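Labels run A, B, C and D following the written order; every chain starts at residue 1.
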Amino acid sequence: MDARIKSGHDSLLVLMGGRGGTSAYDLAMKPVSLDDLIAPIQHGTLLAIPPDYSGVSMAATRALIRRGVGGLRLVAVPTSGLQAELLIGAGLADELEAAAVLLGELGPAPRFAAAVTSGRLRMKDTTCPALHAALQATEKGVPFMPLRGLIGSDVQKNRPDWKIAENPFAPEGTRDPIVFLPAMQPDVALFHATKADRDGNVWIGRRRELVTAAHAAKQTIVTVEEIVDGSLLADEATAAGVLPSIYVSAVAEAKQGAWPLGLQDLYTVDDAEIARYAEAARTEAGFRDWLAQFMDGRRAAA
Amino acid sequence: MDRARAELLIACVNRLLEGCRTIAVGNSSPIPGSAALLRRAKDPDTRMLMLGSRKHNAFTDGGRELFDCAAQGRIDAFFLGGGQIDGHGNINLVGLGPYPRITHRFPGSFGSAFLYYVVPRVILFREEHTPRVMVPQVDFVSAPGTSAPEVHRPGGPHALVTGRCVFAFDKAKRRFRLESVHPGESVDSVRANTGFEFDVAANVGETQPLAPDDLALLRGRIAGEIAETYPRFARALFGGQAAAE
Amino acid sequence: MDRARAELLIACVNRLLEGCRTIAVGNSSPIPGSAALLRRAKDPDTRMLMLGSRKHNAFTDGGRELFDCAAQGRIDAFFLGGGQIDGHGNINLVGLGPYPRITHRFPGSFGSAFLYYVVPRVILFREEHTPRVMVPQVDFVSAPGTSAPEVHRPGGPHALVTGRCVFAFDKAKRRFRLESVHPGESVDSVRANTGFEFDVAANVGETQPLAPDDLALLRGRIAGEIAETYPRFARALFGGQAAAE
Amino acid sequence: MDARIKSGHDSLLVLMGGRGGTSAYDLAMKPVSLDDLIAPIQHGTLLAIPPDYSGVSMAATRALIRRGVGGLRLVAVPTSGLQAELLIGAGLADELEAAAVLLGELGPAPRFAAAVTSGRLRMKDTTCPALHAALQATEKGVPFMPLRGLIGSDVQKNRPDWKIAENPFAPEGTRDPIVFLPAMQPDVALFHATKADRDGNVWIGRRRELVTAAHAAKQTIVTVEEIVDGSLLADEATAAGVLPSIYVSAVAEAKQGAWPLGLQDLYTVDDAEIARYAEAARTEAGFRDWLAQFMDGRRAAA
């Protein structure tokens, strides 16, 4: 056996290759307008949105409300707050899957609660790790993910799409039921981040639920505070916090794009505005009034 | 909540954390947080994860990490509450009325339908102790107190601390057992305010306050530590001015 | 390998990549890498992931990301090789002899037992084309060329490029079909050096070299791009001095 | 229903809490000696080791060979090179699970190959994503993970511990077999990194296979180039690349601790030394000679 056959695996070395890196020869990605950004979101779209602390695109939320296309099916990853509240209150969302909806420390989200109790919103109650796992199933290209817990809760009992099966690795003669969660694939994932580069790489820091959502979604659209020159992947010290462009469909610039929610270390949640909202939204009329001001810019970041 | 009441509840929770190596405490949880910090101050082998602060964020794997971490058996104690809690330790965080046509909506189950199963020592903490919270049967089981024997369940309720008393949870009996009543309360006053049946320990006494040295530790070092995450709570309770919550 | 031979193989691979949107290329793969870069230079909608370089590392989710990414359907084309390749498209990257008591060990299957199933267009690339590589039946199936109909398999072999010829793979027939022979080869010379049976296309001709404008692109811009990852290869082939590999 | 019951979920808010952060009140972690570091590795230990490009603790490998405790069961995550080769060549490893073993671009690892063909090493052949998934199962606390591919390969046919089951979400009346991989829990994960802080947080950058291995392992022990002051988690710009101390059992300092392999951006693999090794290790005697020089420091980083 000579050296050539021994080294006949060259093209396999790629798989976990050499120094372990991967060069991207990327498509250049031109930033788009907010209206173009949200174009993939249509009636019936399964739309993944992040929790309030993870980078919420309130700028795109405003654009969605202005455009007025309804019938959205929202998936909170795994909770939501003001964003789901506004989309529901504005009548754009027919369905919501979430582990919780709340306005930060102010607690319940009034328009969400009203839509649930009136029956206007199809609510799919879940629990945080079940949502993460269902997205991970799609991330891994498997049809389901097993998860502990859940069994016997009313959360599980109200999810006919979840299956209870036996763990095939349980010792013979013993029972070990476990829930299989079907893979969830959002049509679109939408979030806000601090920055993107011109290749479409997006800085997300430690907010890796955004990575999982982007891996799982068919399309990922992002608003950012700024588009920066150079590649976000160039410096190893910070590259770990980047969502690579291969998962990113489009990027739009939106300053203060999370307001009145906060964004990473850049700005904190505007507690006073959230409190004003919570107070106003106790009634439908109050909600409409606040929303009108939010839409026309009378309510905006200071 | 006045300072004496807060210190008493901290004493209760602190005692329940004895022997825990890793304690996770959520945000909006200043009393469990203070209790865990006190436990840690006295036992250098205790590690504490306090959620809700960006500063010193200890997780780097996104929203799933807390749940994965708990599933790995790395978290010994955690806190849950409930809009309703029943005598079998079931908790309801979803709403009142016949689901899905509920009449009042709470925020949602969060991670309870998972963590309640996998964290060995879940301490239920709910200050309001009235018949509408402590109910015979919850309207929606966000997470059940116990599970069928074939269900993998290393975790579950350990105790319930309220504004009136401390219950231990007996997994075999699927019932709470009254362990101590706070000053001013009695077995009867607890029973009158509890919608579910419960057992009563043979030696129910008054809930004991912190020992003087622990109290000094709480008012000193711990007050400073908790202020990092809960400045208003710390100021109100330990800043010299007792204030209603 | 001399420059003419390398350019011919690049031409073969480049043609097979037509219409691919995302192409992943491994390290130690300068010829597939050059072919993919050439494809991308001509089609701005083509994206390429070149593994094996720290510079411009496009992945941030650890070792599993390539496999997850492929499972998500984001990778259209990939390259595999084999210490042995048989006529059903089975590849062996583990060793020779009756497993597990093999007599000669190769490095191992790497990700082939997964990627071969999920990447739609896997191009087998093996320059050595001798009866000991192209065998009637591999000693160990690292990854099979085809699967039973009930097995989820969006991916599989598309073609086999060797130092002598180009085969297409016919999934329905589970056989290779000779498409073209390189200059100096014939159907007979290929048959004499191939241990497995194969079909022969009606119009087998000589493998066509790159068109002049593509060749200019390769020797110019692509030579510079490939040098980033494969400086020695680029220097040897495009640096003015043709060198044996 | 008054405000109190509405806000009665306080202690639940913790779960995905407020700003989304988590404060750690850590145990201080004193760096230990190499000999103390490797103490958890004992006869029969299932030891997870990273690929050559990911941060290999050659310093701890030397300490293991010096100590001489054998019977190790190695798991490469998902491939290995010089480290497995040396542990196998030195007779310390009885078993290896890996997707491949190779000396970088130099190809086959001669002592590994000799141990396999002689039958001295129990080789559990696998494929990269199966190893990742089996560790993710333990990370998630589930008994198994489903994975596509695999079926019908000799890799799968030689793994009686893997099960083929039907996807319970397949349309009725159709078959959809899929492999269930049992969760893998290493006793110890061992790797080398650029730096750790005094809390035990370890910088791993983008090498997230180390994160998965540490999450899955009972204990994780790490050598680092240096111990730094301050918390590696303090700066959001770089925190994304940190393995938090909660997963780290012990840390030892070892300068040039990956040599002759490379480490992140700090130093590249010593190709000349690997080539000398590959040449020497073609024979058992040559291997012994190289190893003696590696052990006594005649072969060391320049």
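Here, contacts are C-beta pairs under 8 Å (C-beta built on N, C-alpha and C of every residue); 3 or more make two chains touch, one makes a residue touch a chain.
This structure is a prediction, so every number in the text was calculated from the model and none was measured.
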**Asked** Hey, what chains does subunit B share as contacts with subunit C?
**Response** A, D
**Fill in**
Chain centres computed over CA atoms; the one at greatest distance from subunit D is chain B
**Between subunit B and subunit A, distance of the C-alpha-averaged centres to the nearest whole Å** = 30
**Request:** Mind checking the centre-to-centre distance between subunit A and subunit C? Centres are C-alpha means, answer in whole Å.
**Result:** 37
**In subunit D, residues with contacts to at least two other chains** = 6, 9, 12-13, 15-21, 51, 54, 78-79, 99-100, 102, 105, 107-108, 128, 133, 140-142, 147-148, 176, 178, 206-208, 211, 236, 239-241, 265
**Prompt:** Which residues belonging to subunit B are in contact with no fewer than two other chains?
**Reply:** 27-28, 54, 57, 59-61, 63, 68, 71, 93, 104, 106-107, 110-112, 115, 118
**Prompt:** Which of line, ring, star, complete or other matches the graph of chains that touch?
**Reply:** other
**Prompt:** Can you name every chain pair that touches?
**Reply:** A-B, A-C, A-D, B-D, C-D
**subunit D-facing residues of subunit A, complex** = 6-7, 9, 12-13, 15-21, 51, 53-54, 78-79, 99-100, 102, 104-105, 107-108, 128, 133, 140-148, 163, 165, 167-170, 176, 178, 180, 182, 204-208, 236-241, 262, 264-265, 268-269
**Request:** Provide the residue numbers of subunit B that touch subunit A in the complex, in ascending order.
**Result:** 27-28, 54, 57, 59-64, 67-68, 71, 93-95, 99-118, 140-144, 147-148, 150-152
**Fill in**
Note: in the complex, subunit C contacts subunit A through residues 22, 24-29, 32, 37, 40, 44-45, 47-61, 63, 66, 68-74, 78-83, 93, 96, 104, 106-107, 110-112, 115, 118, 125-126, 128, 132-133, 225, 228-229
**Request:** Sort out for me which residues of subunit A touch subunit C in the complex.
**Result:** 1, 4-6, 8-27, 138-142, 211, 215-216, 231, 233-234, 236, 239-247
**Message:** Looking at the complex, which residues from subunit D come into contact with subunit C?
**Reply:** 51, 54, 77-79, 98-102, 105, 107-109, 112-113, 116-117, 119, 123, 125-130, 132-133, 136, 147-156, 158, 174-178, 206-212, 265
